[in-house]
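Which chain is which? They are A, B and C, in the order written, and residues in each are numbered from 1.
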Amino acid sequence: MDLTFFAEQLLNGVQLGILLFLLAAGLTLVFGIMDLVNLAHGSIYMVGAFIAATLTLWTDSFIIGLLLALPLTLAFGMVLEIVALRTLYARGHMDQVLATFGLILFLNELVRVIWGPAGLAIPLPAFLDGSISLPLGIVYPTYRMFIILIGIAVAVGLYWLVAKTRLGMLIRAGASNRTMVGALGVNVRLLFTAVFGLGAMLAGLGGMLIAPINQAQIGMGEDILILAFVVIVIGGIGSIRGAFIAALLAGVIDTMGRAFLDVALLTFLQANAAETAGPALSSMLIYILMAAILFFRPQGLFPPRGG
Amino acid sequence: MSDKMADAMADPLLATRSLRKSFGGIVATDDLSLEVAAGEIHAVIGPNGAGKTTLVNLLSGLIKGDGGDIVFDGRAVSRLRPAARAHRGLARSFQITSIFADFSVLENVALAVQARSGHSFRFWRPTGDDQRLRGPAREVLARVGLADRAEILAGNLAHGEQRQLEIAMALATEPKMLLLDEPMAGMGIEESQRMIALLDELKADYTMLLIEHDMDAVFALADRITVLVYGRSIATGTPADIRANADVRDAYLGTSETG
Amino acid sequence: MISTMFGKPTAWTTTVLLVVFALMPFVAPAIGEAFYVDVFTRIMIWSIAAVGLNLILGYGGMVSFGHAAYIGIGGYTVAIFGFHDITNGFIQWPVALAISGLAALVFGAISLRTRGVYFIMITLAFAQMVFFLGVSADKYGSNDGLNVWNRSTFEVAGLDLSIDDNMTFYYVIFALLLLVIYVTRRIVNSRFGMVIQGARSNDTRLQTVGVPTYAYRLTAFVISGVICGLAGVLQANFEQFVSPDMMDWPRSGELMFMVIMGGMGSLFGPVLGATAFLILSEVLSGITIHWHLIFGPLLILLVLYVRGGLTGLIGKFERRPPGV
């Protein structure tokens, strides 16, 4: 097997994993602390992409567009929490699923009204548009490397936030004992809004980062949302560490499966059978992984509560 | 010790051997060996956190032990699931009332009757007029004093009545033994008196393991008492033995008024 | 509880609805709106699926967010048979139902090991798995879907019981809807049904009185999958087309909405819900192309404020049950 191709696919897998982590982090935080299942999390990813794309075209700079879009997505998330999602905390998971499903319909249509039905493409800045040479003669697109580095920076930052800061202390306390946080005299409503905004910003960042590769598109959040759900289920709902590991695992397995499964199948299947089964099986691989993990560990790899 | 009890001790209905269970670092059941003779009411008392509910959960199969054995009616049941243990004749009640709140009182008990009447893969005949279920259910309701409440939604019963319903559901499974987890929890004096009278009447037909905080009830009903502290049994004996036991007084009876 | 669920509060509504269903093929052409026959055919097909989902969602408390998968499996089975020139309904239909049931058995067996939100998500993920299977099936049209050139054929001893005629097919679907409702009614009132509802109400208690609930919940899950498979068989025959879209996850969400809208755990609720959902879509999309701007918030309000769904709402107006 070609080593450079293998390494390239591996990095692509990591890059997908990073993207999944950006979505899954917010999803799992919001679930862990507010006990909210938010299907519309993917819509925030989409809205982030559209805002960043608009600002990029406006300012002629992807970096400035990105930096402006982040606080805007944060604000968007907080407004969404205050207007629509706050009332759902006290509801059952099914009500949350259904209400946020309604929200997806609304937000998709809103984006269509504002930005039109076509996607929004944005160019990459020159310094990111090219390839870099890595050891072992591997050449990899600079921008994808940029995504990976940003994702790792976010993961480290999030770890620092949760492990070392007062907000993080409250987040951890909130995940394990909600009433206690209230008893500490903390403004719980504000904490919830802040946490939701943070999660929204991370999801938005994911959308912004992918926009130069795939365009900002209506409905772009839905497919990746399901994958993000798979990730947090595998990782253990509420666990950021679990989300990170599961996201990388899912990203790599999905990408590698698509790249190599048909070749691997050739070793014990006929050529045309492998060609048929390869794509089918590789698109199902991540779900099979999830089913297998849940079969042995119904609470995921890192169940956050009750040991 | 009476002859009847001496016989039973030789061949207890329920026995645990070196039963162990811990949650994280906390030991809830510590090398517990306990024997309940057929026909007796065996009370288990102890301060809060002594592992009493854990014991009932272990016996009924809702949680798995870390080690040790449970032998019921001459057979090891440690590996059986809750439903299988119920079929062997081990019925329980819950400390926090556990009923089918959106079913009628009669339906609650009928479901328990159904549970012991073979499998329920019967898809066609309505249960509403099935006297094989409703008949025995009404009998059990009459026995616990809920006959005139049969058609009420279980969730709408008064607290004391829900506790009676718990007992009725346990009885409806035609058990050999009842595991009662604080049947008097949250009851007023009058309701407690009625429950004591009910248990006293049931005593003739059922072996019971009784977890209870109400010491008056325990000393009125129990043939023998085991005292648990931090998951370990520190004493077992007749009520008189326990009253006289200095360890027990130190560890428990003297220190805690509420029990 | 059981007897009041589909009892008097909605009897009047139910009757009206069934009369509308029964007469639509005559009424619609008479008022010059013949396309309503198609709308109502779809309503009845979705009603069948909704009744199927309601068995586990409403009665069993199992929040499956992946039941579109079984609709898709039923539909694709018919389409793939047709693709290979096997149009015999006596082969197509039983095999389609069997495969739906088998899929539900496998997915349910794993999903039911989990609880709560894990269950919601794992059912969703399995459905997506089936969806992507459809997308990657190049031979069967992948994203573009597959035409069903001929409806299923039913020939017995030289007698051709064709469903090619839309009017005939309409009444076949109507009869199947009634049959499914009747069978579901028997099931929920049977011993099996009591166990399913008991497990929803208090699973632990049911186990401790001696019912191993897992096997019963799984059986209900399979029955529910088979009913949705039937809806898929009918949909493929009616639209004469299948595509991965029919099992994409928004379809599962819509199906859930139909059940919730009508009122969970009532026999006719899902039928009412499917009717309301589809007619509302039809009407709103006639007003503006951006109808989701209205529909989305409407669905949110429905979840937030209309507890018990339409059945509950209508029940309030028709008759206040004593003591509530």
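Heads up, the rule we're going with is that a residue touches a chain if its C-beta (ideal position, glycine included) is under 8 Å from a C-beta of that chain, and two chains touch if they have at least 3 such contacts.
Bear in mind that the values here come from a model prediction, so they are computed numbers and not experimental data.
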item: Longest centre-to-centre distance from chain C, chain (CA-based); value: B
item: Closest chain to global C-alpha mean, per-chain Cα centroids; value: C
item: Centroid spacing, where centroids are CA-atom means, of chain B and chain C in whole angstrom; value: 43
item: Chain A and chain B: spacing of chain centres that average the CA atoms, whole Å; value: 49
item: Chain A and chain C: spacing of chain centres that average the CA atoms, whole Å; value: 32
item: Chain C-touching residues of chain A, taken from the complex the two chains share; value: 31, 37, 39, 84, 87-88, 91, 93-95, 97-99, 101-110, 112-113, 222, 226, 229-230, 233, 237, 276, 279-280, 283-284, 287-288, 290-291, 294-295, 298-300
item: Contacting residues of chain B [partner chain C, same complex]; value: 60, 62, 81-84, 86-87, 91-92, 94, 98-104, 107, 110-112, 114-116, 120-128, 130, 133, 153, 169-170, 172-173
item: Residues of chain C touching chain A in the complex; value: 63, 65, 110, 113-118, 120-122, 124-126, 128-129, 132-133, 135-139, 249-250, 253, 256-257, 260, 290-293, 295-300, 302-304
item: Contact footprint of chain B on chain C as seen in their complex; value: 1-3, 186-187, 189-195, 197-198, 201-202, 204-213, 216, 219
